[in-house]
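Labels run A, B, C and D following the written order; every chain starts at residue 1.
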């Protein structure tokens, strides 16, 4: 299915649910995106997508993993073909996916992150949820596995969109949608029950504006699930990264969890809780055959894994939940 | 059904047909129309619509008339109730309608106009059609009677929209839609097989721009069906009305049919043909109990019905068809 | 002086007069014009302008002609140089100009047109005047010769702007300005005492809109001086040209003067008068050494100069004056 | 002089200097401000301004104070009249001003602030300078006293604009201008040699965006002079205020000077230096007869002046200079 056709199925779902006002802006944005903003390789990637074989889904598991079928659900040749095509969309960062016996061993064990937060958040059953900065969409499938009624992910990176489409190809029709957008392009829908944003806040030069944008997508009483890099410290501790942090060029504010909670309260959230805090391990984020370039190991001080190569505290991430007043 | 709900059914039809790109602009326009542009009485009218009784449609005729049910399809009390409510939406100009035995005897015999042109135009079966300036939507139903696949009417007058909704209430679900818009607000869809515009051209200060707007809604090879006031004369005959023409304040260019055909050709139409020309009679346009104020009779010179009260030639109308190159 | 510098002198004049509100839009438009809309040759032309020698103006006549200096006001070499540079800006259509003995013998004898209308219009002394479609600006200088206080010409053709700058170079500082704009880009200033538009109306697909735009530049009681192609006939006579008229591709409505006066009255003008009507002669519009391609002679039926080569009536022009109510 | 007339003198200065591109947006903004955004009292204030007596300026001192004339430069009656009118524009926050013997004893001793920073900044002589959040414009006059060539202050508070106009009335013509704008409304001029912003940063929810806006007004190599509330601490110390800080509702980030310098470097400034740091005293900010409501004294913990009434560290301010790379 092409991007345009996918958007149409998304509009269908919007029309039939509490998000129909998104049609005020979305079709025009997607149309202009498709006409003017396509990545140079996008059409090629889309043609490759078209070659993915049709395989009946068979068993699907989205509660414990993202798995469709297994090695026996298709023949070895088709399996090779699937793997070959999916490898065209490397690097794969967020996963893992198990597709008819092909294990997409992604840079991140995003399933571990999900395990850590899943029991702490409001149940997603019947909910409308948004994932801001969804990457390849791994967590979108897990949210759907928790029986969310409508699942929407946004991310401007077009390769991630292609990866999402590849996975969706095998999983079949579902109210799970990817829109190639940044949060700043979204009208304030005030309509999602839960908004996730994992791994984005520290990339924002203006974190308060970003948190406000997340808030503006929530219904009153809706829940924000925020995951970001943090530092140790008290309410007044906030690290501003230099040109690079763990080799990333685009890192800005790293608050302590206490400071972050002050920020959230100031913006009109309540019930702010830290539900997980963990130093990222080189087992959770690492180079694989599906993401062959440098990963966490290479970004840490070789002599002292508690520090980044630049001398900052090594990446530590927290998950904070908060409720919109 | 409220206006918003009706728009949703329209978007559904758009999504499933060749007009889905209209979603780029329509939802936002309708949303802002509903928030900012409602007529002072609109909400009241909508409440009245809500009181229309549910009556099973029974027999429907849209080929020879616009008729649903008859006197026997409901009880006398309900019929009274229907008539009483429909009379709240007076004046009714375009019709007539026959609704469960209630005869809405409109100012215009729009059915006569339809009879005069129907055999001359491209068959509508399976087509997407647009009626620009559709009034209460009488001809929309007749187009649907001819088995058009999708029928869209636009008219900025909100009372006409209410009248349309009242009729639609009794006729049930159909791919027949009214959008409260002016043509200048429509993106150039280039997607309709046939575009009708009857009784609008002479109201435009800039007729060429208007004809271009109609053209921009047609597919290549699509047909324009244009009805307007004309005068007798050759290719160089064009009457510009004064402050009033037949008491109307807003009348501008009245070309001869020959002049109008020159205009159409100049703009890129071909196969231009006059398929009907007729002086409007006081039998076709007249005061009724559903439109009680002045009508044609009062706008003509009492001593000489070949002239308007201002001394211009009495209203003569032509239907011209033309094909977009 | 560069275009930017010229605009600055224009803004100075605007600031000191009744047109200062034009600064609301003009600087931004001129800035974006200069950045994004320059003709491919503009910078080259501007460099050539920079080579025009400085010659003290000496005698200037703007009342009977546009003349600065004469053959004796500079040496033969400089005169050659002037002529050589000015010929780089061919074709010259509107004139003639006499510059230090160089006679720019333009296609049109625009001085004849001026003679025909000058005694009929409101005196320009102390007035703010606008010329819409001013070409090289010949009439701007004549308006200034009549002691208008501020003279503004607009025309989107960039070669005409260069020609204007070349002439202005020799005439020295004066409140005479050329802005490379179309009328549709101008905010409605309601501030000019007299608005001229000569030779533009017939190029407009929508003449009523154009006349309204002209009106919106006038103060109440201000005078419109309109020159356009007309045909013989009564109030209902309007010729719509075909693809070409006298070989021009972009000709639309040619009304009779009676019809044009009906239009003007309808739009809110009064005191409408035809002050000149004349068939354009091949002495007034012709090929010269400064405009070497085809001219009127070639656009007329060789056997019958009362007709264009396409068979339309040969070009006849009228000057109409009208007052804004 | 009315606001409009003042804007005109500003545009004159812009046209003649390196800021002429500001005309691309400023006139339109000021025009629409004047038409749509006037404070309910503005017209009344402007009428009061019109009653200020004309007094020859006599001696003016802008190097050590803002003083025009003295008690002897006019008669006691006129002096009374001046004082009475100026008191209509209370509360006066930034000053003090000495006007023909009237001492406007403002809430703030802004002269003290100026003394603390003046010797540390780049000399202003011949420079174009901007003061973002200029209040009544006290420092604008001091900048002009240092012989800046063009001095521009912006502040959206209209009473401050009136106060500025009142002072300007007595000081006479000078290239010192006040524009009722917020920094976010200014096009990035990249044209000021020095940009001041004193007492604004802590009011911004998104400080990085604000610092970028300041930077975008500077020429390359230009100097930022930034004064803001700070807290003690190291590079990772940043206080986020709660709903109120020292009773102010709109306070956000209070970084340490070390943290602020990290921010500035990250955004492309160099040569960042803290040139002053001082706890605000109740002698510098206090209730006076020209600002009668609560002041600093009332915002501090009555038992411990090192804390605000909310328990935060008492206001401490730093002046930081930095150069745009």
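Just so we're on the same page, a contact is a pair of C-beta atoms (placed from the backbone, for glycine too) under 8 Å apart; a residue touches a chain by one contact, two chains touch by 3 or more.
Bear in mind the structure is a predicted one, so any value in this text is a computation, not a measurement.
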Intersection of the contact lists for subunit B and subunit C: none
Most distant chain from subunit B, judged by the mean position of its C-alpha atoms: D
Centroid spacing, where centroids are CA-atom means, of subunit B and subunit D in whole angstrom: 62
For subunit A paired with subunit D, centre-to-centre distance based on mean C-alpha positions, whole Å: 45
Centre-to-centre distance between subunit D and subunit C (centres being mean Cα positions), rounded to whole Å: 50
Of all residues in subunit D, the ones touching two or more other chains: none
Chain contact topology (line, ring, star, complete or other): ring
Contact footprint of subunit A on subunit B as seen in their complex: 8, 11-12, 15, 20-21, 23-25, 27-28, 31
Touch list for subunit B against partner subunit C, complex: 205-206, 208-209, 212, 231, 233, 235-243, 252, 255, 259, 262-263, 265-266
